[in-house]
Amino acid sequence: MAIKRVGILTGGGDCSGLNAVIRSVTRSAIIKHNWHVIGIEDGFEGLLENRTQPLTVRSTRDILPLGGTVIGTTNKGNLFAYRRVLPDGTLATEDRSKEAIDNFNRMGLDCLFVVGGEGTQEIGFKLHQAGCPVIGIPKTIDNDLYGTDYTFGFQTAVQVAVDALDRLTTTGKSHQRVMILEVMGRNAGWIALESGIAGGAHIILIPEIPYDLEKVEEKVRLRAEGGSPFSIIVVGEGAREMGGEQIVSAAAGTRLQGVAQLGGVGNYIAGRLGRNLDLEVRCTVLGHVQRGGTPTSFDRLLGTRLGHCAVEAACQGEFGKLVALKSLEVVLVPLDECAGKVRTVPPGHQLVTCAEAIGISLGRA
Amino acid sequence: MAIKRVGILTGGGDCSGLNAVIRSVTRSAIIKHNWHVIGIEDGFEGLLENRTQPLTVRSTRDILPLGGTVIGTTNKGNLFAYRRVLPDGTLATEDRSKEAIDNFNRMGLDCLFVVGGEGTQEIGFKLHQAGCPVIGIPKTIDNDLYGTDYTFGFQTAVQVAVDALDRLTTTGKSHQRVMILEVMGRNAGWIALESGIAGGAHIILIPEIPYDLEKVEEKVRLRAEGGSPFSIIVVGEGAREMGGEQIVSAAAGTRLQGVAQLGGVGNYIAGRLGRNLDLEVRCTVLGHVQRGGTPTSFDRLLGTRLGHCAVEAACQGEFGKLVALKSLEVVLVPLDECAGKVRTVPPGHQLVTCAEAIGISLGRA
Amino acid sequence: MAIKRVGILTGGGDCSGLNAVIRSVTRSAIIKHNWHVIGIEDGFEGLLENRTQPLTVRSTRDILPLGGTVIGTTNKGNLFAYRRVLPDGTLATEDRSKEAIDNFNRMGLDCLFVVGGEGTQEIGFKLHQAGCPVIGIPKTIDNDLYGTDYTFGFQTAVQVAVDALDRLTTTGKSHQRVMILEVMGRNAGWIALESGIAGGAHIILIPEIPYDLEKVEEKVRLRAEGGSPFSIIVVGEGAREMGGEQIVSAAAGTRLQGVAQLGGVGNYIAGRLGRNLDLEVRCTVLGHVQRGGTPTSFDRLLGTRLGHCAVEAACQGEFGKLVALKSLEVVLVPLDECAGKVRTVPPGHQLVTCAEAIGISLGRA
Amino acid sequence: MAIKRVGILTGGGDCSGLNAVIRSVTRSAIIKHNWHVIGIEDGFEGLLENRTQPLTVRSTRDILPLGGTVIGTTNKGNLFAYRRVLPDGTLATEDRSKEAIDNFNRMGLDCLFVVGGEGTQEIGFKLHQAGCPVIGIPKTIDNDLYGTDYTFGFQTAVQVAVDALDRLTTTGKSHQRVMILEVMGRNAGWIALESGIAGGAHIILIPEIPYDLEKVEEKVRLRAEGGSPFSIIVVGEGAREMGGEQIVSAAAGTRLQGVAQLGGVGNYIAGRLGRNLDLEVRCTVLGHVQRGGTPTSFDRLLGTRLGHCAVEAACQGEFGKLVALKSLEVVLVPLDECAGKVRTVPPGHQLVTCAEAIGISLGRA
């Protein structure tokens, strides 16, 4: 079947490099293959609501350096378990995948490019099983997707975190303070680990290795005794205390049950250290600045390559596959090998060994 | 009296450009005048405790691009009302200025360069009145010091805030969210106002103009109705609601009385907007990343100029003066004209008029 | 006369901040005054050729962080001495100002905002004298315009140069090389002087102070003898040797008469130093990267303020004026006081004194 | 044999990330293994001249974000063919490797970490064959070393080039100009290719694919006819015209035979295009700013990982090996597999295909 018309959507949290993908898919499809390209707005929501925009070489001009996604995204829209508020106020979920596939067909599309993380790819894979020709393009700021070495957006987030660490370090030294930086990473510690090593942190706490607060205090105290009464701590937002629970920081504004939730793990540790040590402790929660903004060159290039290879995969009928970076090549991986799975930091990973060898504490008991 | 030996100290919160001042004072004093330069460590604390380090052309090499201050700083150390914990646990204050002046004399210093904000300059002015030859060099990240057009560190903080706004804007658009950025400025709204205008914010809330939350909501709602369901709000940390109190965000780690305090005004507004509007709202508190890190070229130049002019002022015996930038020239201003005073944003200031003329809401009732 | 419709054009070389002006003029005019705004394309060329585009709040959305000018610019288009190639191949100039004014009237404009440097403002002033209501908005990357403390684009250029100096310095040290950076500034040395001081240069050569190459060599040699066999030299492109001519570097591609012209003053000095000193010398010509790209927060704010104040000036009928930054305020200055004049660095300027006091050589004989 | 004392040297052109390696080797060796670490100054020169400095945790503090190399480097020093000027002025080469090995032994070193590109690794390999226990750490800004996916410094160079492209693009559009950026890459086009794709270039010329100037002109002309009278061209410095020679741009200051050499391939193409097209053409030669300055987070992390793994390799007696990044792991590769070889862009490489698919011209005939 010759492809004539393709759709693309972006799902889940935004990250830097999405526009590079959109532009590359559009240009490859039009310039090389003369296809039509349809942008489906706000992820799967747009597929359910028939909200689309034509994508052309002209309309994707100038978007390469832009953060975010010009076709919008949303965290909602699980087609197979769509949330609906019933008249009596309770929540129910329903399967709306048939609607989606009907719309896909009515739009006259021959292929759907699904750009997103493990949740989005899982929906994409189910759509594929249901008969919709899907190509997955991996996206997650946390770099925790199975099957690909790197996802775009990750390097940009690490760079933003390292820039912040450079700034916090000079303040920490000048004031002899303990500076804590909380970075993204609910399940995986890649951002914390890479930015912590690259930013010269003294302590890095990641979700995969429950921390012992006494070990953290000990490290800070040893540094102070050795003449360095300042320390830099990087904490992944999903880090948790040994024997403790994850402290989930409710995002401000989302109908909070209590302000207390505002303080995530970074502020929790700051509070504990501040009480136990005779040192000033300050915490910065980097938050959304890690997501947005102009991508690093690495992420612009990666997004462009993935977009182009996704178009080639479609051309060859390789549906149900994910385009993935392996070493220096983009390859194809079956969607079901990576959909719905998370790649966390193995406890004996080379990065962990490296961190500990150069004197970084991971807060291990 | 020919000067032979001068001291320099940095007091209060650190900010970008302090090292440019230290380097410039050192180089001007040594290269041009062949003086000795003594760095007094950690502000007035070092003066009380005789902690100093010689500053030389060699020791100040390479510090121009560095954030922070190589001689340390502290928020403590009010010589005239020094806090001490009495044996029974209560706090008392005592006047330790005589000790400080004795140490100053014992160090053989002919002049003291005091780099700091209004609190630090007030102490400097009292020291000057008490017979110690002081030259003030203005420093405050908030740019709220009387007598000078700009203080170094301010432009760097504004640039950091604008970089963050650039990043948040693409995320806000992609997700159709209200993004709030809380920036520094406890009493003065300069950082919020300048970064908000330069960063393309839709709403700017500053301490000087109490905001009406209904007006803020109205603006967001009008934008959504006009097809822009995302908005960018910049909030100075000292902003307060009309008829309300300032919400002081306790810095994490400083022996918190309650976690509730962690949420400053940005998170407070996020919570309110999130409840009242059918939109996602997210708040980022920029915090200490505004203080540290490499200064912008403007702040490196300003710090260098002030340092040099302070040395010239000392050479001419102009003690009790502050070096100040007026238009394109550095001039001398009597210390008592600016010590202990804060320059806030006048309600009819040109920047306020400008902001409102281009459609930015200041949340006025 | 109530204003209903205004035009804006940008002339001369582009610089960062032009879009901030265009956006601010457009928003102020529309949001506050409900005027129509017409963008005239490619400077005065568009006025002669009736090439315009309507400017709206929507069309100027998102342009604040963009370098360049969305309405185009050109170095051509002197209305009063317009160059034309005659049939026999010779060049002639003619006065086309009447055409321009006719077009202005036919467009139904009540005011023309002219954004440009001294050349462009001179044409604007003559148009004003010829009966066209003009408001000038000063623009020059070199900051050499009379009447205003700063022009936008200048701080961005200085920042780009300082970023380059930070990079060159580490290379220079690692290789023990003399690194030369040639920056913009054909007539005025402001960029060289400010970036050189802020970037920690050891030698700064500006057009206003003819340099003695022996003094330059002496400084480099003294540094090497003192244990620092690397030096950083910043050269303004208009710098000239004592008793010598300006070396004008022909821009590549402009129908070169000889490749020899490619080497500007930076490469000239590199060649001379390389022959005379036993050191490696490398020259980098920063060129157009100083012009383009996202403006610093300072330039975005300045552009926005000037745009807004220009609209207010028009509203009050203050034609024939230039909006100018004086200290912290934007004020109005008669156009003829600044048109066609260049503000160079006075030999005894505070910046010069400061540079020399901290040990920077200006290559003076 | 238990290792007690190791040496490290950096050879060839500097690049960002060298200090991350030095710091990581030092910290791993001292903190984990309690070895002594000796920094050999200025590459192999220091080995011949017994110039060293002890490296400690303290002395390598704060160097992680710094560009360059704190132990110096040089392009000279081929131990096996050392250049010497004979009394009669002619040049001769001699084998000084025995001196080097004697010095190595006299310093009491048990291992030599050689950080450098293919030339430096070749010398290292020969030293290893001559009995000196060598571990290679790959370094080349061009990323053209065999055996490793990435070398540090490369991503930083690409980022600097992309930042420049972002700036040049806005200028190009505003003035409707052809902007050329000449980047590093004498033999390999990786920097040009990656930065060109990531920076949105329209034409990319690399050494591996001789360009046809008519095709370049055609592309520019087609764009202009399509309404885009501006184009961005990225040229690797080693690019050459079909049937032509490489135009080598003599570095300024190196005892030029003729100024004509100053113009490299970028300026050559600018001159040709300027003559043949009715468009303004401007060329910027990025030069040394690609080498120096603070490394990106990617390069800081890579340098740190390589340094740590090199120490582990030494610990396990794996001499004669190079530490190399393969996909996500650092592995060991025999030195002779990569010494003296250059990895250029294969004509059918995925990046080439990708570039052409999205409409970038590579100037192919």
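As written, the chain order gives the labels A, B, C and D, with residue 1 at the start of each chain.
Here, contacts are C-beta pairs under 8 Å (C-beta built on N, C-alpha and C of every residue); 3 or more make two chains touch, one makes a residue touch a chain.
Keep in mind that this is a model prediction, so the values were computed, not measured.
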Statement: Matching A-B in over half of the residue-numbered contact pairs, the equivalent interface among B-C, C-D or A-D is C-D
Relative to chain A, chain with the most remote C-alpha centre: C
Query: If you average the Cα atoms of chain B and of chain C to get two centres, how far apart are those centres in Å?
result: 31
Field: Separation of mean Cα positions, chain D and chain C [Å, integer]
entry: 34
- request: Can you check how far apart chain B and chain D are, centre to centre, with Cα atoms defining each centre and the answer in Å?
  value: 42
Task: Would you mind listing the residues of chain A that make contact with two or more other chains?
output: 166, 294
Query: Can you name every pair of chains that touch?
result: A-B, A-D, B-C, C-D
Message: Which residues of chain B touch chain A once you look at their complex with the stated criterion?
response: 13-14, 18, 42, 66-69, 72-75, 160, 163-164, 166-176, 178-180, 251-256, 259-260, 262-263, 266-267, 270-271, 273-275, 280-289, 291-294
Task: Could you pull out which chain D residues touch chain A in their complex?
output: 23-24, 27-28, 31-32, 57, 64-65, 149, 155, 158-159, 161-162, 166, 194-195, 197-200, 294, 296-298, 300-301, 304-305, 308-309, 311-312, 326-330, 350-351, 353-354, 357-359
